[in-house]
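Here the chain labels run A, B, C, D and E in written order, and each chain numbers its own residues starting at 1.
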């Protein structure tokens, strides 16, 4: 479910996104969660090609840091967050009116190459002899992990809580831990250094990515067009390629 | 003719104005934090679980890291400043590497060396069953790694500024280079060492990237204040500001209290 | 009786061994990175868009931040070391605040003060139409904020170690305190200033948290190397290691090349 | 007449400054005080409390034992040491007056200082050190360098202009320090042992040069020195400082002739005693008594030269009115003679020839009789 | 007999060291050299190249003008300055021999040094400074402190044991430095102007103390001094160093009587000329000639005392064989007399009474005739 103030698709019907927009030009500034680096990079290039005369400036960072920038008056057009929580901070500060979920990410088990801990499913996270990393409960991937564990009724025995997914993933890649719980997009980005293992409870451990045009957007028309583009068929294709679920 | 008030040291304007700007630049952001701090919910935030644990751990690890830095960094600084070891310029430049290295990459580098499968770590694990990552020791190591360069470079600067002829005088009195170092050189550069130790301690106290990567983030063993702040930022920036202020208050308090020790009276 | 080889400075064992450990501790993690670096795809990674741009920006901003730190930090250090300003101990402790503050919080603090809606920033915006955040200027400010304390504390340490009687001699020759500072005090503590400037430069070069928060992460204007490394970590950890090594190589190269300048020959 | 070289502290009245000082004396006569200072500096375990004055062009030598407060006095005049009480006036201007909360900073005082340990700026060349003062006084760079070069030439270091202080020998450094202080042409010149590190030959030259320089300008000069000859040659007036207090003051010849403290007596090589005169007999303050030629009454000093002391293995019969048993403490060579330090009541110094030492078999511990003729003593009121 | 105080550089042959040195002379006679060094130190613009030896117990005074290389020689002996060539042997042990690649570090040499600028450790008290050496040699802490206290007492600073160097006066600091060097009881003692900062009275005591100490121990001592009296009183042998070379060497009395360089002549206050003798007439190297009492042939030195020079307003008739026109350069007081520096062929120094100065109206520029009797001159081969 969405935690944002707007329900998915409430502001921008997907149908309009594909239709040719009015003449837009200028620069669109997009603040996006770091996990969107790859897909939004692709989208920005495609958008610029589709709308000659536009430039997309992207700035990737932790969603929380981006939210601080926006509430402190960053001159940006679009915010794409990795969690509804941070989006709500922005909306609460009246920096955006509404938002919509444009992608979802679900958890996967990541194990180092060769799977030295012989991990097969979420149940292995209860094995005390294994070194386990999960995200801290306060951060979105940690919240999702908590949901997954409670759905599977497992008391996990992590050895470390990552402050973000990358910390968990680094621990897995270097073989420091035998298993970690990360997003599918991360497993995909990590290439063959880690192996992803899907598990059924991941359906209960989904994180929503909301997007919003900002209230003080310097270029609102182009911003709307970019959001529409993200939600268009082309956008969905790029997001799925990176491992996101697209609603 | 201008007349100064009796017995006051005059600060020339050309120095006083930039100095004021400097203070303002460093201190006003802190005021910003204080102004925006959620004073109403302060107590609540301070009573969240793990806060005091994290503070204790931060102070402990930063202090240990400072001791490690002094123990290894002062001799290193001496070797760089006083001896004729080959490739000194390169070593000196390499010492600054941990400053330049993005801390997260620094943590990765530590894992690559001291981790379970690391260059050195795999033998530690295999022969002694020692695994460093995700332990309090790892926090101390990560903090030492980022903090030691500060100590080394400040102490080296102080050593270069010191008069070497006192060392010569000590030698003619029969003192070995170790005794000379201990009883003459080191006391003479005490202000430099103190400044370096304060830098190292403060840097260790604020260390975040290398710690999270190399030592992880487990409440009670490896979660220091900066990690707690980072986690809090995700859910509640207010809580993060409160925790940061707590960390600052404690560190400023410690430094003011230590003043008489780390600023030797001339 | 032991006989040293002619004309060599002997390093006593008690200093030499910890010094070696110190070097190893700081340098071996770098070796770890080098060993695990993806040498095969090195060229590819170096040709990814924005890499050289980011490097240029990093060097530029770090150098400007160092200049800012020297311009304001040296007078501040002088005021702390030499004058009788009230509350010196507190000011000195407050100067270390940017070290202790987790850099991201530092960035937030800068936003709170200099942001468009910040304490100072709103007036800058309203009266002069100046908006600092998310510009290259913001990068320089963020880096100065974290780097200046290193300079201030090293220089203060050096000033405390220096012999004040040379200042007295200059005064009896009719030199104002500013002339004395410029022509006598400053040259005498040059090694300390150099060490502080190197520390500040290196720290600014590696700065990440405050920059990404206060200045954003826009390629070409605010994306410095550490930010590029962060972005690369998302997509390709190998690329991140390559970029880090590039940054290190350049900084080590610069420091070795500058050696004759920042290490005054005694 | 035999040759007397440096170090002879004794002065005959003939040797007044009649030659080079004619003009200066006239100059001074008409004017009031140039330096008029009362200095009080308090330190744990040490208090300096003196009055110090100088007329225009006058050179005052401050002499006294180590730790007497000579350098402290100079520092106080230069504004480097805060006064706890007192006042410093120079040419009618108030430099320091803690009671009125007036205190000029050192750089505001027209004062030049040569420090006891030189304090040459280690990072500047000899030339730059000397040019520093003129530059600070606003002289143009090129001109300041020319001036500095000229000063270095005068102290005999013209060819070491580019040497750094670390590359100078001790005496060269002292000469640079002297040039540096003189180059600012101050109205008050403070010299703390300006010749101590100079070699004996150069010293003669530099002393003569300094003499000439000091006579040429009409600022005042306070000179600290341990060399009695420097004090005699350079100074118009000697001020003796002991343990923070002035114990004697006067023209060089007067001080040498009539010392009032043991320190001065030793400096000029006299035996000196204080006592109570009652006719021709003076009862000494310690114990013992001396018979003198000029009868007087009251507190007096008695002085006589070591060469006036005769030593005898047995109690001598005959004219010497003073005769008492003594024991040899040390014997050391002193110029052409041997100086014998004798314990007794009172203790006494005697100068005898090396031949006498051999004849009498003088070694530490030898028991003798000392004899002094009353005619050899000098008595003056205390 | 008149009193002669410090500074008399002239020596009569009678005043040999017969008193305190009897035993030492015997000691030395039987033994070989203690210090045997050849030092060569090269610097841009300066080369030191000397042979320096000392028998056990011998005190060698190194004198010479500023910048001659005296401190450099001491530093080389202490191992602080690398030799570019040469060798240092002490009591048969090789301390330095660059050719054989042998070089003991300073702390391995049994050498004590008093530095020209003291170099007291600023963070240690006077007591701790003195105790430092014994501690470094393994003496227990308490014992080292007792020892140090005793040494401080000997140099008259017993009550300043806890003062930091920054709280000491210049002379107090020098005395602490002396105590510090002596406290390690080295086999070779190197003293760089150990008495320069002492006040004249203390100096007498410390000199006597040093004298006693030096006679008591059988290590060698090399002493740099600018004070001719120190050299005469303390040294067994004088080595004159000029511009990095030894120009004269010998017993104090010899050096004072027959100087071989202008520097030494000025030091001992003689007029000295070099020239070619042909019977009773010596043609001087500069120009001019002098008639002497003892006829000789070949390269010679001619020396006479300033007091032997008579000054006349007109060319005098009569006995003086040497008589030439001169012009007054300077007149300055020198002890009881006035010393007149005269330009002429040759230039000459004259000592005259103050009365004579007034009678002759001597001021710079006055034209006169100088006269020296042949009987007053001394001639010795160059």
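By definition in this document, contacts are C-beta pairs under 8 Å (C-beta built on N, C-alpha and C of every residue); 3 or more make two chains touch, one makes a residue touch a chain.
Model, not experiment: these values are computed from the prediction.
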{"item": "Taking each chain's C-alpha mean as its centre, the one farthest from subunit E", "value": "A"}
{"item": "Chain pair with the greatest number of C-beta contact pairs", "value": "B-C"}
{"item": "Whole-Å gap separating subunit A and subunit B, where each centre is the average of the chain's CA atoms", "value": "35"}
{"item": "Approximate Å spacing (C-alpha centroids) for the pair subunit B, subunit D", "value": "55"}
{"item": "Centre distance in Å when subunit B and subunit C are each reduced to the mean of their C-alpha atoms", "value": "14"}
{"item": "Gap in Å, rounded to a whole number, between the CA centres of subunit C and subunit A", "value": "34"}
{"item": "Junction residues of subunit E - those touching two or more other chains", "value": "105"}
{"item": "Overlap residues in subunit B, where contacts from two or more other chains coincide", "value": "10, 104, 108, 112, 118, 176-177, 188, 230, 233, 237"}
{"item": "Multi-chain contact residues (two or more partners), subunit A", "value": "62, 65, 68, 166, 170"}
{"item": "List of subunit D residues in touch with subunit E within their complex", "value": "1-12, 14-20, 63-68, 70-71, 116-117, 160, 168-172, 175, 192-193, 196-204, 207-208, 211-212, 226-229, 232-233, 263, 266-269, 305-307, 330-338, 341, 351, 353-355, 357-358, 362-363"}
{"item": "Contacting residues of subunit B [partner subunit C, same complex]", "value": "8-19, 21-23, 25-33, 35-36, 71-73, 75-76, 78-79, 82-85, 89-106, 108-110, 112-113, 118-120, 144-145, 148-150, 152-154, 156-158, 160-162, 164, 176-178, 181, 188-189, 191-196, 198-199, 202-203, 205-206, 208-209, 225-226, 229-230, 233, 237, 240-241, 244, 247-248, 251-253, 255-256, 259, 263-264, 266"}
{"item": "Subunit E partner contacts - residues on subunit B that touch it in the complex", "value": "165-166, 168-177, 179-180, 183-184, 187-188, 190"}
{"item": "Touch list for subunit A against partner subunit C, complex", "value": "31, 34-35, 37-38, 57-62, 65, 68-69, 72-75, 166, 170, 173, 189-191, 193"}
{"item": "Partner subunit C, residues of subunit D touching it in the complex", "value": "78-80, 105-107, 109, 111-113, 115, 119, 121-124, 132-133, 136-137, 180-181, 184"}
